[in-house]
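Naming follows writing order (A, B, C and D), and every chain is counted from residue 1.
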Amino acid sequence: MEQFERFNEEKLPREKVFRDPIHGQIIVDNQIIMDLINTPEFQRLRRVKQLGTSSFTFHGAEHSRFGHCLGVYEITRQMCNNFQRNYPSKQPGDGLWDDRQRPVALCAALLHDLGHGPYSHTFEHIFHTNHEQITRQLITSPETNINKILQRVSPDFPHQVASVIDHTYPNKQVVQMISSQVDADRMDYLQRDSYYTGTNYGKFDLDRVLHVMRPVKDGIAFEISGMHAVEDYIISRLQMYLQVYFHPVSRSMEVILDHLLMRAKHIYEHPNEFEPSFTPYMLMPFFNKRFTLDDYLALDDGVLTTYFNHWTHSSDDILNDLANRFMNRRPFKSAIYDQQTADLLPTLRNLIQTAGFDERYYTAVNDSFKLPYDTYNPKASKPQTQIELVQPNGEFIELSQVSTLVASVSGREAGDQRFFFPKEMLQSQQSIEIFEPIYEKFQSYIQNNHIINPEEEK
Amino acid sequence: MEQFERFNEEKLPREKVFRDPIHGQIIVDNQIIMDLINTPEFQRLRRVKQLGTSSFTFHGAEHSRFGHCLGVYEITRQMCNNFQRNYPSKQPGDGLWDDRQRPVALCAALLHDLGHGPYSHTFEHIFHTNHEQITRQLITSPETNINKILQRVSPDFPHQVASVIDHTYPNKQVVQMISSQVDADRMDYLQRDSYYTGTNYGKFDLDRVLHVMRPVKDGIAFEISGMHAVEDYIISRLQMYLQVYFHPVSRSMEVILDHLLMRAKHIYEHPNEFEPSFTPYMLMPFFNKRFTLDDYLALDDGVLTTYFNHWTHSSDDILNDLANRFMNRRPFKSAIYDQQTADLLPTLRNLIQTAGFDERYYTAVNDSFKLPYDTYNPKASKPQTQIELVQPNGEFIELSQVSTLVASVSGREAGDQRFFFPKEMLQSQQSIEIFEPIYEKFQSYIQNNHIINPEEEK
Amino acid sequence: MEQFERFNEEKLPREKVFRDPIHGQIIVDNQIIMDLINTPEFQRLRRVKQLGTSSFTFHGAEHSRFGHCLGVYEITRQMCNNFQRNYPSKQPGDGLWDDRQRPVALCAALLHDLGHGPYSHTFEHIFHTNHEQITRQLITSPETNINKILQRVSPDFPHQVASVIDHTYPNKQVVQMISSQVDADRMDYLQRDSYYTGTNYGKFDLDRVLHVMRPVKDGIAFEISGMHAVEDYIISRLQMYLQVYFHPVSRSMEVILDHLLMRAKHIYEHPNEFEPSFTPYMLMPFFNKRFTLDDYLALDDGVLTTYFNHWTHSSDDILNDLANRFMNRRPFKSAIYDQQTADLLPTLRNLIQTAGFDERYYTAVNDSFKLPYDTYNPKASKPQTQIELVQPNGEFIELSQVSTLVASVSGREAGDQRFFFPKEMLQSQQSIEIFEPIYEKFQSYIQNNHIINPEEEK
Amino acid sequence: MEQFERFNEEKLPREKVFRDPIHGQIIVDNQIIMDLINTPEFQRLRRVKQLGTSSFTFHGAEHSRFGHCLGVYEITRQMCNNFQRNYPSKQPGDGLWDDRQRPVALCAALLHDLGHGPYSHTFEHIFHTNHEQITRQLITSPETNINKILQRVSPDFPHQVASVIDHTYPNKQVVQMISSQVDADRMDYLQRDSYYTGTNYGKFDLDRVLHVMRPVKDGIAFEISGMHAVEDYIISRLQMYLQVYFHPVSRSMEVILDHLLMRAKHIYEHPNEFEPSFTPYMLMPFFNKRFTLDDYLALDDGVLTTYFNHWTHSSDDILNDLANRFMNRRPFKSAIYDQQTADLLPTLRNLIQTAGFDERYYTAVNDSFKLPYDTYNPKASKPQTQIELVQPNGEFIELSQVSTLVASVSGREAGDQRFFFPKEMLQSQQSIEIFEPIYEKFQSYIQNNHIINPEEEK
């Protein structure tokens, strides 16, 4: 592992510090890390919001992916420090921490979200891009600034970093630092999103979780004395999903964004419909499905909203209207449905179409479910690492075996599925006479934010 | 004041709440306020960062003017509540609080920053726009959504709101709530900027300051028992100026922004230099010095950075380079100078020009000074309201008479003046041989971040 | 309700403020409240720790009942304000808030814990006192300062206040403010204990819970939009029980305290054993089972520890040793047992006795269980009010019907039962040769902090 | 320095953690430190409040010296870590950090306040004890548990630890860690007292101050880049003095305590006046001026208040009344005086005596002044270390040379001198007719909380 020495040759004479509202100080003591942060690829993350449309619900949450990536780096750095201080490996294969893994862990932590674009989830849905693949490319393609810096450590180093992010790196301790049930990524974003939204739900005792974490043979486990801290983390995570990430207004704004981009694509694919000054030059490569890394790197939140801004004046009524709804925050309303009431959706869509809204653009369904925690299940579609606690006698015990609270939520999905529609459908009588009977009919299907069958309720 | 009744007719049956990281809950109990927030004019504030280039120094500070405006509204609301609870006017002219002033106070608070554009300070410098004037227009022009909503209270109401922001409203209590040494505006932004930057300096005891504030004949004064809370606020404000608002890296990025826009304007004014796809359509009205309110409202941070993004590929070397420096955060360096060493600036500019940098675009001076506090001085260029404390026997005493700390800083400006230049000028020998002697000479003028005269130091 | 007017006649011209680390400001605007706080009965609460032996585990938690009582008052005050602002009663029986209930609510809140003595739980166990009964007496006995002040409102007022604390007051909204699943008492202590212990578990969004609370016909319910805030409160409460209130070290110190007082009582009941200077004069009335209110009011934490301090020099070995263990924080160890392993306890006690410890004083069992939440069950030993949410159409729905998380923990008790024994029993071989085989045998019954049957494990 | 190895032999296999509300986690990784904490001498600190009578003003501030001592240890540990990571000594005399100093630094930090008794300041005033001398004895006397544990490191180790506390230890870096303008002691108590009082004034950026601290030849200096953090610390400290430590109500309660102990001493010295059950056995050695270390260690806050509790029933009117005032928080009132108005004090004392109060026990003067910061002045009565900043070129510059704010407060004392008297003197007419003219006269000397000359005011 001579690359460890190469990395250490670039140690800074004095630590540098980024002041961070979540971690206080983020400490960088190596020129390689410093140089990675200073690349255009990494600086671009300042222009991509961490939570996309959530800031329409929680106005405080306007933070970018830049701070989050620094935060994941910082937590990983602290994990390495704790491991090296308390569990230094004495000999290969003893299941303890080999500090020569530090460079790859730190770089993977810093770069794990590098490929995220503006409003990633929606963008990927419409344009079939893939941020994980782009992250990999940004790390391994020889022409990127990132790659050139990583190459200074060793020719193979970029691929090692990418493999950590891909979960294929052989040292599972490093992989689990960045990606597991209790990893640096999640621990940072829960704290950070909690801070910026102004909700308390995401707060857990980070210092304590880090303190009770320890390297074991095939990854990372926790001292049983820290069970409650891990439990609290699991519950905090669940609460953040239910209360922040799944918030119906944010999802509604995402639906509008999705349909807006869909409409723009439709217009593009039916030529001559874009007015010249409304042409989204930087989106062209994506409409054309042939884009380079540079095309991708040119995108950010501001680029998209600049086009939307133009489109608020478009002569295409749907593009114009959806752009206005997005820019001026006029979310769709929504109602919860279930297996039974799903059958009523065609009727509702019909009513909406009759009321003058193109149902392809003005309705949507969206479900948000989250498995709060589960034990390892190789048959699961996305098998997760389970959380193992180390008992005084050295044996492992799986978290839900000792935590009543975790056992209670384990294996049950939490969330809901919703039907989205224009707010206008809930208008009261006095507004527009002509649509009154349609509105009234529609409204008879909605009760207490749920879709109901008005026949059965009688 | 029948407009008070008109306003109250729109009282909401139940309070609505915005969750805010600074104030916890921002409470809205009136449809007028709700509607103002939902206008496109107000929603645009989400796309204008509160601190401009400061987020290049404090990466956490990416918050927009939207949250700040809500915060100023909330603090003003609490002031009205405190005043009404503890100092309700019994008869006109008794110097106590007349709650019929509440509507105008709340609306002025909410809308006081409505006219801010992207990177206001720099933008106004280059394009000679004026955010205060635009705020006034947005409130008083009959075609804006804002104006239409305010008209619901009374035909004269928009002008009343504007006059509070202009300081010409007759009730000085209301004016001072929004604009004075200790106003809702400053109190919100100090707390907010402190929270988002992750510095503690701006924190002071808001609840206590609000508690000791009281209406008096010609404005607002403070119980002497709250002297320390007010004092702490003055010191916090000073610290935020010195440590956050005046940070040399933020000012450096502002210098780059300024010069970048200056260069774009220059190119525009020397036709045919803009490549088609790099044309900043939305800036044209400003280059042409003929812009409408709609042109102004179309601007936001994302629009500017989208053009900068394009310009990073411009064939104009200066535009291209400055755009890259701004987008990828490559600040100029700076050094402090004073009256003596100001004479050396031409020499330094000369060296920079010789090293291949156009000194008009690659150097700048910028001074940032702040008067921490001053007693009222009608001769001052910007006379400030002084802070008056009410003693047990009812007499006033001016703050610096009782606070040693405030007396210490009163009347003395704090800040510095700096000369900005490309980082390259500080390169060490090994880098570029040809410019080595120029660099070396330049560097002999810089010591401990100050400009010195190398002759005298010998 | 002319007593409402009597109370209001004592309104202070200006609000007074207690600075509180949890609520920021505690606001008092009535002389009656001020006078109650200034009584010797209430000031005594400064000398009684809120969490008893918990500060032996969480050294930060040294706060007294004084601050808690002020906090419960403040939360109740805010409840009244919210109710009066959003749900003022228009006519008797409309199920809304009648602000004439405010005086009784505020006084009951302030005084609800007045009868607590030092280390209440243990003290009551040994001396068969009852803090609830004493609270009632302090409020209703005509000779107390408290009673005299309350009488100023009306002759019947003290009894009304006492009946709120007794849950017999006719207005159930008032009763539930002070005592229900989500009452001011619990909401204060969770936040307060969380703050002082330095754990985050007890933090929930108090402002939001207060905001979504509303008066209903037979008590208090919650807007369904605030479901998550209430859910978070339930989980926080559970976590505080499991992690703070049930902490084995605190319980161990409580066991020592219990046995120490038991021994003192034993000595007292077997005359001539107390040395003169070790006589606990102030405890005599309790040994004698004939105590006055004044005897009770003379007690506080310092009085008890002063006697313990004396007893560390007692010639009675057990009294001396237990006093030393308590004063110098030398907790017993403990192990979890269950129905099966309970059978092993006599064997373990036997071993401990053989090792030279009087098992009556050196062992104990203690179980701590908590029902995190339950729906109303009239058959339960302690039937609890269930939490009702109000849906948009005005109908109620019980919390666990909509909260997966609460449903998960509902009806299941959480906690453990433990066997306590001297730490010496876990000594390793080298220490004391003679007891080595006993220790070894004892230790074979303890594994991973549980009592096991060593036979079965083989 | 073989004692360094001896200390390290007792390194714990895994770090232990104290949860602390200020520092989050306090980490102990050595058995010696653990054993010191577990001594009766150290555990006693749990029963001595950190802020004495301040909790009568700030009810939240009931914390003991125990947590503070752990906090000072933790900050010192972090200092050692920072120094060792960034400035490890390469060879003797290079002015960098020699980590073999760590054991003595940690032990001195932990034990620096060990000799504090109950209400130290007042107790020492009355009984002429000296907590610094007792700290030294507890460390160096061979019979203490503390000494025995320290001896495990080396026979000379206890004296080394004591000499750090005495400022005579040769390594000035270690001395200044514990005792200098910016030491671990002050940094802990400012943060801690701020947290518990619920004031924000004492909050400064501890992490940043620690980060910019560095060892230099003769002690400790600060990077100039951290100037603002140090400046903020100086101002925070000043604010805590003015707003918390010098609060007139706390000082008033201290005056009462002082006079109460003075009266008890007087009674003791005039035999037969103490009723048997009121005899303060544990104070006898102090009345007799012959006390042992054990006598001293037996004292704590609870012992004193237990005696005061007894004395509230004493037949000595003054003892009885003062005890009641202290126990039930009935502070004296106070007024500020200056050189001019000091001449009026005899007149005021006279009026008070005439009104029936023994002026020896019912009046007092008390001045509280603090030098916020000063440059080193060998002629000062208590010469302080000045704060030196290290510039980029390695030269030192004294703080007030670069900080306007510190320069403003440097060398000027802040505080006030007050005259204390019974609240009764401010009674209004209706109360007690006979004393009315005296009260009225007295009150003519008090205006806006200052003593004035009523003649001159006319």
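Basically, contacts are C-beta pairs under 8 Å (C-beta built on N, C-alpha and C of every residue); 3 or more make two chains touch, one makes a residue touch a chain.
The model shown is predicted, which means the values in this text are computed figures rather than measured ones.
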Selected interface, B-C versus A-C, where C-beta contact pairs are more numerous: A-C
Chain whose mean Cα position lies farthest from subunit C: B
Inter-chain centre distance, subunit A versus subunit C - centres from mean C-alpha coordinates, in Å: 42
Interchain centroid distance [CA atoms averaged], subunit B/subunit C, Å: 50
Touching two or more other chains - residue numbers and ranges from subunit D: 19, 24, 199
List of subunit A residues in touch with subunit C within their complex: 199-201, 203-205, 224, 228, 231-232, 235, 238-239, 242-243, 391-393, 395, 404-405, 408-409, 412, 414, 447-449
For the subunit D and subunit A complex, residues of the former touching the latter: 14-15, 17, 19, 24-25, 85-86, 207-208, 211
Touching residues on subunit C, where the partner in the complex is subunit D: 18-22, 24, 38-40, 43, 46-47, 55, 58-60, 62-64, 66-67, 70, 195-199, 277, 281-282, 298, 300-306, 309, 324, 327-330
